[in-house]
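Below are two complexes that have subunit A in common, paired first with subunit B and then with subunit C.
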Partner chain A sequence: QADRRRLNAPPGGTAPPAFATPKTVKLERPKRTRKPDEHRKIYLRTGIVPSASGSAYYEIPPQSDQKQSGLSLPQTSSLKITCTVHGPRPLPRNAAFSPNLLLTTHVKFAPFATRHRRGYVRDASERDLAVHLETALRGVIIGERWPKSGVEVVITVLEGEEDGWWGDAGGGGGGGGWGLMGVLAGCITVASAALVDAGIDCVDLVSGGVAVVVGDGGGSGGKPKGGEGALVLDPSPAEHAEMRAACVVAYLHSRDEITELWMRGDAGAESERLIDEAVKAASLARTVLVEAVKEAVE
Partner chain B sequence: MANGTPPAPGLTFPPETFAKLTPRPFLQAHLQHKDSIRPNGRRPEEVRKPTVNTGSLSYSNGSAVVRVGDTAVVCGVRAEILLASDIPHPPNGDADAEHLLEDLGLLVPNVELSTGCSPTHLPGNPPGILAQALSYRILSLLHVSDLVNLQDLQIEYTVPQTDDDLPDAGPKTVVKAYWTLYIDILCIAMDGNPFDAAWTAVIAALRDTSLPRAWWDPDREIILCSPLEAEASRLRLRNLPMASTFAVYSTSSPLKQRAHAESWVLADPDGFEEDVCHESVTVVLSHHMDGKKSGILRVEKHGGGIVDNVALLRCVQATRNRAGEWCAVLGIT
Partner chain C sequence: MHRVKNVQYNEEDLYDDDEVDEGQGEEQLTQEDRDNFANLTPVVRAELEEAGLQASDREIQDALWNYYWDVGKSVNYLKNSRTPRPQRQASKKDAKAKSKFDQAAEKAETGCAGEGWVRKFSAAERRDFAMPPLSAAEWFQGVPWTGLSPSIRGNLVPAEPVRPRPRLLGGSSKLAKLAEERRKRNAAAAASPEVEVPASNGALSALDRLASIKDGKENDKPAATTQAEPRKYPIRKKREPTPPPREPTPPPAPAEPQEEAPDLRASPTAFGRTLSTSPRQHPTSTMHLKDVLGASSQSDPFNAPSPDDVVMRAQQHSKAVSNTSTKQASTKGLERQTQALNLDADATPQQAKVRSKGLDVPRLWAEEKSKRKPSAAFVVIGHVDHGKSTLMGRLLLDTGAVAQRDIDKYQKAATELGKSSFALAWVLDTDPQERERGVTVDIAQHHFSTDTADFTILDAPGHRDFVPNMIGGAAMADMAVLVVDANQLDSGMKGQTREHVLLAKAVGLKKVVVAVNKMDDTKPTAWREAAFEAVRDEVRSFLTTSGFGEEDVLVVPCSGLGGENVVKAPSSMGAAAWVAKCNPTLLQALERSIPSETESKTVTQPFRMQIADVFRGSIQNPLSVAGRIVAGHVQVGDSILVQPSGETAAIRALDVIDEPRDFAVAGQIVTLHLQDIEAQHLRSGDVVCDPKRPVHLRKSFEAVVEAVDPLLPQAVDIHIGRLHAPGRIERLVEVMGSETGRKKPRIVRQGQKAKVKLTFEDAASSGFPLVDGEKVVLRAAGATVGYGVVDAA
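Let's turn to the complex of A and B:
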């Protein structure tokens, strides 16, 4: 259906370019230079879309300077997410009566958001992210104050995190979708800021945090002891050769509650520590969230 | 309300409420004032100054973010390879170079409005009339303006000379593949006049686009590219057209005499004005980079019959006057 209404690729089909690095250029995997419990700098701003009830923009700038490497391909990933909130709006007349606010979430990656071009039609991973986001937000919105109303949370990911390093075999794309977890953590934080901007009643500010169990020591200072992997929060998936498990949480700091938990991979004995690390990451993200919200009020 | 008594509470509203309840009389009252001013504070011929930011997206070959007032548009240009052997109806050797770009379909613009940019454009629906019309207008303008040089998009291969060839014959080059440019335009915030913002974003992104050096590998029979930034090349754009949209507000109606109607031409309409006005004019002026004389490239007008030749010429002149400012914003010398 979308094909008829959009301008399509030329007949014959196109393929993304295949790169061949000359032998004189040495490709190095980017290294993690921050400590295992240090979060990357987050840039968060609300009120970017005046016609919506609430909106926010979240960005994690790229860590290394692009020009230094001399390559035209990006070395480290960055994250750019926009969120708009429309509502509370009255439900259509034919909808069934609902005593609580009806939350609808949409997540969409822009076509230029990832290394491989995505289409305009939503695919399964985007729907999956939307379901996780809805779970995270439903636990924090006070729904009883808005019967017969609906609110739409729309997320557009302008640039998403990678799944792995492009220099790896398989181009890093077949890494099991680790990049999605970082994107979800960002989506939770930005949706929270947009909800506050829209003036929707919430019990607390929810923030998202992600942590992984790596197999290669986790950058500076982390040493694997015996068979245990090191725990690292806010990973950039390109920096780690092997990631064994990852966890995303949506955390309410003042109530010490978790509204959403998504774990992937086999953490084994480390599961509880992994969740604690993710909660720590969420608390770090919350400080940025609080500042952004306060700035908007002033 | 009687004179001398203070107004009863609740009978006066702030201006925003009047704008929501009665948009047409609200706009008309502003324009009929002796110094005609629009509700957003601009004069009828005043436009919003755009801000352009290029190169912010890492995974695109070229990108631009344009903000015109409250309208914000992100454009990303992605290049992918179309092998000449995959083309189902290959063009013959003497085909018109001008039409080849169009026939092969190497430029693929798409405008996406269903991003939640305004309460009327929520996701979940396929593109509506406005989005499809915008995509098609941008496509036709790209082809008519002859902006992109087909040579920039061709990946050629010099066939090595074999013993069968005549010794005098020069090296033969054959086009093995073409670069296809996917121009994806996402509207992040919408406050009227999406076409101008989208077009400015397309021009800025195409100027920022750099294509990697590509060659045909005869052993593996694929196209390989070099990831080195130093070997990448920019597009040589021949023409940088400038687009300018106007909305027309008129008090005419079938019930009134035509001569009694008043009308105003509003440059760069915002969301409120677009909802109220029916007629609009878009003027596109070309700006050739290779020394050819610049002139009117396209004039589009639809929605009514208020604008006549005189008013149209005024619109063209107003667009010409803004050309210097537009070039400065985009960084064109």
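Let's turn to the complex of A and C:
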């Protein structure tokens, strides 16, 4: 009955640390300081795992609001994703014949990746992300060149985007799954870099981008147009009290194709603009991707 | 709030549960409920007052509501909630059952009034906590690792996997040659122009990293080319020069992304830098926990030798000192020591080598002499079924070397087979085949000791088919015990008794104890003195004519099956009373005839030992050999040479009489546990010797033999101890003896002594190890034809 495969937690459980906030500090929702069409900076590097045939590390460093707030806890979440690619390698003997490269994707959040702890077993949202990622990558890989082989893309999210601000009443885990959108965009970009690192033929570099419709002004630059929300690129969910709709795309820039589109929420009439913005975000992420790949080849 | 569910549901209750909420429950009470409250509240109050307690209306009503108008339970509940004592008891009970975690959780919970406490605080409430602002370093002040002394603080350094260098298989193929060439060329090219580009700033240069990876993971080609290779598909190359597909893309691209490109690249966080940096290149840029959370000075704890190293060095030092102080006298010891040190210097780490202690064995042997009990190995010989094994079983049982329990076990098993009289023999006959047939096949070895001496029994087979085994056993012995059946002397004399005595003489045994067995079975009465005397006289005369000295032969009457006069003398009453008067027991006779000890001269000779047995001892000692040391000495850690295979081995341990010892000398029967050698190089009959003064292999040799049967140039089996090989008498060199001495005789007659030249028949082998003065036995057609010594090897 007991789970013997893992190191189990002590029975009874422990209380999670609750960080008391000093009285003197006034908690304020972090403000988006960059322009609505400005992407956060990205750090991307390939070849970090020598034992894998390809690997990459993607990071959006935390925005430096920490000093101002005087808190030891960052207000906005950042993103750290590693990706390893194993393969192409021969399929097991008992597998059926496949004329194409079989692509398998695994996405797993580290237990400590978000404020809401994750289990060791992949949950539904992680499996969902894996499916989205697979769709995004399937469109770029030239699978016919590797019959009877398989490739595994394994993504570990070391630090994931939160769904909201932790200062909010719900403690930031208010659901909505907005954070997942940003994570998926990162996953697509990092997986693309790792595929290139593994030397797997692709039609193009695929990059992920995310855009949202927010209820508030969308930070400094944007103004709400009447009752409609503003469009914002690459949102950090903590910075927006209300998010109406979000869209992730996996975009092939040089072909102007989308291999994956995921929209959630109600964008209303703005859906098309929302997609355009997401594509724009993806093209921005692509610049970093191209640089990182070039750097590795040089 | 739940109500306790020990009341049957009615529709109303269910309805209530669904509808009634905590806050508004009061308003929706039915008339019945109100009546109940009105009736029961005073009752409960009265009961409480009886117990000297106070309670408000509200509390009483709550309790009643909770317990479905059960007055007794409500009163009980209220009492419990008032009186503090029982509660404490309960909490004590809890403390036992609950883990610390539970306690902590409970404590926290009570502190927060039992609500989901984290959730309870709104953002506004949090601000009410009075607490000074903290920096990370302050926050972690109390945590032990910030106060660590720098010497024991560890670094987080990403481990770098060591990857084997894959090479092409099949070294002789053309492809492999080509690959080899190419590798050489690449290596040459890499050696000359490549200079590593130093990292310019904190951000890493991929070039550097790639260069370092090239060293670590490697096929036959440098990594850079392998990585680039898959992209150079011919299809692509063709595509590259054709511009059309590229054309449409450039115009839209440069518009936004190119201006943004430099902006979007971020420098990594400390974690990211650690993850993507190879530690070899940026040894300083690794992430320290203390760097992230609180600054302090750092030092490299691996600069100094590790604690293990320090201890080892000190030990080695002291050992060397003691060695030199105690054993400086012996040059040999010193030589060994230096050897061992040299070995240490370039020792391969994967194999733990047993170091020789460098003992001066001859001196130790001489020193120990006074403390030592005399010891001897004796071979038991005699005609088949004269009771050799049974007598020895009795000897072992009565000296306590074998427990009565084991004998009982054998007795039971033997009875099942219908051979209950063989139970004692089974002590030595361990092979199932031997037991079933009731005949000893191979030499069995067993030890026992008395108060004054240690003995090793070598139980030889009596059957004529197994005479070669008997020769091997006799060659290991110091003396012989001849067992004769008091009732069947004649059959014995015709059969193996005669041959065994001859062979015992041939292998150089001097002392014989004759055990006249089965005295309890003499006809017409048991223990008939006349029968014994008749046998004694006949055996004595036979032995003396065979060449044994009168004083070297002791004759003892005994009974192996009954045990009389084996260890204990028979009682002075009864048929065997005459025995005690003038005859010693078998054991006394054995003790009396222990030959004098090996002289120190043989101990200092080069080491020689013939392997009697090769076996797998245990898991620790996978390969062991047993045998008697003919000459010289040996100690743990010595390396030895095995002839004729010519392989060397090291002695990891050695046993004498089943006890581990540091050394062994000539005359002892030892078990050597070997390492660094394969079992295929070891066979019984091989000779183990000193690698510096090895035994030489011979294909032919001269020997001085005494003919038992007339000898012609003929095919014979040559037995040298355990070794037996087909050979032939090549030439009769000369007949020895004063009057009949003659060169190149045609025949050597029975009883004559002659020098003959012997050749081993086995053409395939490179020869056999031979030593001057070794005893050789020649047999032909299942009978001994001659015996002698190796003259000129």
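Simple rule for what comes next: the second predicted complex is superposed on the first by the 283 of 298 C-alpha atoms of A that agree within 3 Å, B and C clash if a C-alpha of one lies under 4 Å from a C-alpha of the other, contacts with A are read in each partner's own complex, and residues count from 1 in each chain.
Note that in this section contacts are C-beta pairs under 8 Å (C-beta built on N, C-alpha and C of every residue); 3 or more make two chains touch, one makes a residue touch a chain.
Not measured: the values here are computed from a predicted model.
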{"item": "Subunit B versus subunit C as contact partner of A:R115, first or second or both or neither", "value": "first"}
{"item": "Partner chain in contact with A:T84 - subunit B first, subunit C second, else both or neither", "value": "first"}
{"item": "Subunit B versus subunit C as contact partner of A:P62, first or second or both or neither", "value": "both"}
{"item": "First, second, both or neither for A:N94, with subunit B first and subunit C second", "value": "neither"}
{"item": "Which superposed partner A:V297 touches (first subunit B, second subunit C, both, neither)", "value": "second"}
{"item": "Partner chain(s) touched by A:I48 [first = subunit B, second = subunit C, both, neither]", "value": "both"}
{"item": "First, second, both or neither for A:E152, with subunit B first and subunit C second", "value": "first"}
{"item": "First, second, both or neither for A:R6, with subunit B first and subunit C second", "value": "first"}
{"item": "Partner chain in contact with A:H106 - subunit B first, subunit C second, else both or neither", "value": "first"}
{"item": "Shared subunit A contacts, counted only where both subunit B and subunit C touch the same residue", "value": "10-16, 18, 20-22, 25, 48, 50-51, 62, 70, 72, 78, 80, 82"}
{"item": "Residue ranges of subunit C touching subunit A (in the complex, touch as defined)", "value": "98-99, 101-102, 104-105, 108, 117-119, 122-123, 126-136, 139, 160-161, 163, 204, 206-207, 209-210, 213, 216-217, 227-231, 233, 249, 252-253, 256-258, 260-261, 263-269, 271-272, 275-276"}
{"item": "Contact footprint of subunit C on subunit A as seen in their complex", "value": "10-16, 18, 20-27, 39-43, 45, 47-48, 50-51, 57, 59-62, 70, 72, 78, 80, 82, 167-169, 171, 199, 201, 253-256, 280, 283-288, 291, 295-298"}
{"item": "Touching residues (chain side subunit A, partner subunit B) in the complex", "value": "1-2, 5-22, 25, 48-52, 55, 62, 66-67, 70-74, 77-78, 80, 82, 84, 86, 89, 106, 108, 110-115, 117, 120, 152, 154, 156, 158-159"}
{"item": "Contact footprint of subunit A on subunit B as seen in their complex", "value": "56-60, 63, 70, 72, 74, 76-83, 86-89, 104-106, 108-110, 112, 115-119, 122-124, 126-127, 132, 135-136, 139, 180, 182, 184, 186, 188-191, 210, 212, 214, 217, 222-230, 232, 271"}
